[in-house]
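Note sheet for the following structure.
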Amino acid sequence: MSREPIGKRRWAIAEGYIPGTSTGVGRAFESHETACLLNAGSTEANVEITLYFADREPVGPYRVVVGSRRTLHLRFNDLTDPAPVPRDTDYACVIDADVPIIVQHTRLDSRQSPLALISTIAFAAD
Amino acid sequence: MSREPIGKRRWAIAEGYIPGTSTGVGRAFESHETACLLNAGSTEANVEITLYFADREPVGPYRVVVGSRRTLHLRFNDLTDPAPVPRDTDYACVIDADVPIIVQHTRLDSRQSPLALISTIAFAAD
Amino acid sequence: MSREPIGKRRWAIAEGYIPGTSTGVGRAFESHETACLLNAGSTEANVEITLYFADREPVGPYRVVVGSRRTLHLRFNDLTDPAPVPRDTDYACVIDADVPIIVQHTRLDSRQSPLALISTIAFAAD
Amino acid sequence: MSREPIGKRRWAIAEGYIPGTSTGVGRAFESHETACLLNAGSTEANVEITLYFADREPVGPYRVVVGSRRTLHLRFNDLTDPAPVPRDTDYACVIDADVPIIVQHTRLDSRQSPLALISTIAFAAD
């Protein structure tokens, strides 16, 4: 394609909170938060995520790769390096990529049954 | 109207996931995802949707037409050509139109009863 | 204030759907959609809303006034002039104001109990 | 970091409504609204929030500080100076900061059990 890849290189999500409990059965219904990353371009995206907290220094970068023409729905629950994401704790994040990507934020909250959901486009830096 | 049509020609939705099960009765309560397309202009919009996945090549374009001064709330569940959208599978999409449109993304998740909902404005390319 | 008023004069909401049934008691729990309008400026905002449908001509304008330094959480359910908004029907809207405003879209769906909610910032035209 | 801090200095949330009742137990399940503020920069953010209502003059500013490289998930329920935020009342807000921040709006509605959630990126002024 001759068109410029769609997206931005810098994103932020101000709302982060992984509920510490779940009522559903299996991974699908576990309380979780996701950064949905879309790399529609023809070059692999190297992504760095930095987590911010209320009362401690930022943690990161967490590094993930999104292949060209691929989407990665990354669960914050699954992040472990350099440290797991604490549950029941307010956080936020900045997401940097070396090529344009699109970021959407989603939470599934199954502390009570049935589950509740939120989703929003993340903030794209100019 | 002399004003320029409202919208953008290029959009993306990074979060896509059609739950594979439903608890409601009828089409209204079936788990589904929708791309709500608004064409407020005076020219028909020819729209192409390309789907992206985690681990396979993109599929598309899916082609739909949104009449002038019309809205089309397009269910991803209903797409069949060139291929149906797999259920319980992470995906994302890029939406291209030949005139400015507005795109909003919505999911109804009725795997558990009662249903849960998400909605967000999609990402508009500059 | 010497600062420019915050907001945009032209907005759109692509997702519109007022569920035709409700399970809750009273206005608070009735299934409804709202355009939340904020006019933070010092001049009254004259607002015109045009509704778009899947298979008929647009309806409008609906006219509302948002006082200076006031917010109006306008229920689409309450619109009657020039015509009520049909229930269980896909629609969308364009919102024009003569001064900058901010628009957020919300739905409360109480077809099943307990209720489900969605909300998103609307699309702001440049 | 040599990069410019991410975010904007002026934000608005048009949808505000703190449900007056709750069914859950404890602070986590109390019906509430939150402005999630992320200050990813190296300078403390001094933030002023002004609340707007349907039928009375604005109230504020409410003043909060977000430390450098910190996030503050501020509950509107907790604001008291210059006045508490009324429950079951439509409101909106403008958020001004002296350095770039990111703002996301979230509501937890536990009037009925189980809870419902909404979230959206706030409107960022240019």
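The first chain written gets the first letter, and so on, giving A, B, C and D; residue counts start at 1 in each chain.
Methods note: a residue touches a chain if its C-beta (ideal position, glycine included) is under 8 Å from a C-beta of that chain, and two chains touch if they have at least 3 such contacts.
Source: prediction; values computed, not measured.
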| item | value |
| --- | --- |
| Between chain C and its twin chain D, rotation from the CA superposition, multiple of 5 degrees | 90 |
| Distance-maximising chain from chain A - centres being C-alpha averages | C |
| Whole-Å gap separating chain A and chain D, where each centre is the average of the chain's CA atoms | 21 |
| Where chain A and chain C are represented by their mean Cα positions, the distance between them in whole Å | 30 |
| Touching two or more other chains - residue numbers and ranges from chain B | 113-121 |
| Partner chain D, residues of chain C touching it in the complex | 6-7, 24, 28-29, 34, 36-38, 40, 69-73, 102-104, 106, 113-121, 124 |
| Touch list for chain A against partner chain D, complex | 10, 12-17, 50, 52-55, 57-58, 88, 90-92, 94, 105, 107, 109, 111-114, 116-123, 125 |
